[in-house]
Amino acid sequence: MPYVNIRVTDEGVTAEQKQALIEGATDLLVRVLDKDPATTFVIIDEVATDNWGVDRESVTARRRRETAGRK
Amino acid sequence: MPYVNIRVTDEGVTAEQKQALIEGATDLLVRVLDKDPATTFVIIDEVATDNWGVDRESVTARRRRETAGRK
Amino acid sequence: MPYVNIRVTDEGVTAEQKQALIEGATDLLVRVLDKDPATTFVIIDEVATDNWGVDRESVTARRRRETAGRK
Amino acid sequence: MPYVNIRVTDEGVTAEQKQALIEGATDLLVRVLDKDPATTFVIIDEVATDNWGVDRESVTARRRRETAGRK
Amino acid sequence: MPYVNIRVTDEGVTAEQKQALIEGATDLLVRVLDKDPATTFVIIDEVATDNWGVDRESVTARRRRETAGRK
Amino acid sequence: MPYVNIRVTDEGVTAEQKQALIEGATDLLVRVLDKDPATTFVIIDEVATDNWGVDRESVTARRRRETAGRK
């Protein structure tokens, strides 16, 4: 009965990628801990880049710097 | 001071149903553990069906199969 | 497929009370949203009173004040 | 490597306020526990007022009462 | 910068299995979403069987029934 | 009514440090968003180093490498 919560930034994750995350996480729990896939939940939270901070800045600010740095 | 987090798929939960969940969860904590309702939080997360997986597939895919099966 | 997470302070919750919380939360989701109990998860987290803060103090400190105040 | 999750009602938090929360939470972990800011995550969840309950009612209902009371 | 939280019942997960979950979840995020492993967190919560409910009963009660049924 | 959840590795956080985290996080929400401290919850989760992964390894393994590297 595992519960897997995957939190990522909201930067265009497609339905296919979500399906791949669901399958991959479920298979991982089946393979490593012999869990029943029928009661394995995988929940994906997409978080706005303004709302995710790392190293004292939002991912929005970080992406802006990264883009500027590439020019 | 309990904190109750209810996560459900985003499939048309009404404001009345949310209110019923808030009341029911608060009353449960008061009844079973004698908690103070004034500091009992209930937070409802509605998760897109693409983002909720069970049994290796998204709820979107599951609902599609269920609908097809009914025909 | 709901997921309910109940977080309370670790102050002697019994197995019977946990069972009552599990039943009550499941029944609430069945009654209000017509969810399937077979895939309704209820997870109870018991948090040490040192680790739960409200109103700028830990529950440990609050309980100490409450006990002192009663004398 | 701390993970800080701040959940607040969705009532017009600005990007500047989010940035202040990210900086403040990161600095707190650095100051108190000497954590590395480069691997300190701060994630802000904005929750609709219909979905946040306290004292048996949604924040939507509470705000309505507060506004009515002020007249 | 993904955050993956895996919640399972506390039923003897070994350090090797935890390591396998950490590697598998990280690799999944790298493969599907091209995330940087250096900032991918995987946190495993082991929940006491008394504290995990499914289908209106605790996993403790369910395991007891399963064991009795096998005799 | 904010809810702040701080997750850190379980590496000897003292009661004084927990109190400092509770005060600091509460004050942050008061300062930035003018929240009421009386209904601001701060919950600290201490996670075993075997159960926290970053960069494809547990913090237990990482600390072992760091210690070895220092010799």
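Letters A, B, C, D, E and F mark the chains in the order given here, with residues in each chain numbered from 1 onward.
As a convention for this text, a residue touches a chain if its C-beta (ideal position, glycine included) is under 8 Å from a C-beta of that chain, and two chains touch if they have at least 3 such contacts.
Protein names from UniProt, one per chain: A, B, C, D, E, F = Tautomerase.
If you're wondering where the values come from, they're calculated on a predicted model, not measured in any experiment.
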Key: Any chain in contact with subunit C (Tautomerase) as well as subunit E (Tautomerase)   = A, F
Message = Quick check: more C-beta contact pairs at A-E or at D-E?
response = A-E
Request  = Taking each chain's centre as the mean of its C-alpha atoms, give the chain farthest from subunit C (Tautomerase).
outcome  = A
Query = Taking shared residue numbers divided by all residue numbers at the interface, is the value for subunit A (Tautomerase) and subunit D (Tautomerase) over half (same) or under half (different)?
reply = different
Remark   = dist(centroid_CA(subunit B (Tautomerase)), centroid_CA(subunit C (Tautomerase))) in Å evaluates to 16
Note = Expressed in whole Å, how far the mean CA point of subunit C (Tautomerase) lies from that of subunit F (Tautomerase) is 21
Key: Inter-chain centre distance, subunit B (Tautomerase) versus subunit F (Tautomerase) - centres from mean C-alpha coordinates, in Å   = 28
Query = Which parts of subunit B (Tautomerase), given as residue numbers and ranges, touch two or more other chains?
reply = 1, 3, 7, 21, 25, 39, 41, 43, 52, 54
Message = Strictly by the criterion at the top, what is the full list of touching chain pairs?
response = A-B, A-C, A-D, A-E, B-C, B-D, B-F, C-E, C-F, D-E, D-F, E-F
Note = Per the touch rule, the subunit C (Tautomerase) residues reaching subunit A (Tautomerase) in their complex are 1, 3, 39, 41, 43
Ask   = Any idea which subunit D (Tautomerase) residues touch subunit F (Tautomerase) in the complex?
value = 1-9, 13, 17, 20-21, 24-25, 28-29, 31-33, 35, 39, 52, 54, 59
Query = Given the complex with subunit F (Tautomerase), which residues does subunit C (Tautomerase) contribute to the contact?
reply = 7, 47, 50-58, 60-61
Query = Inside the complex, what are the residues of subunit A (Tautomerase) that reach subunit B (Tautomerase)?
reply = 15, 18-19, 21-23, 25-27, 37-46
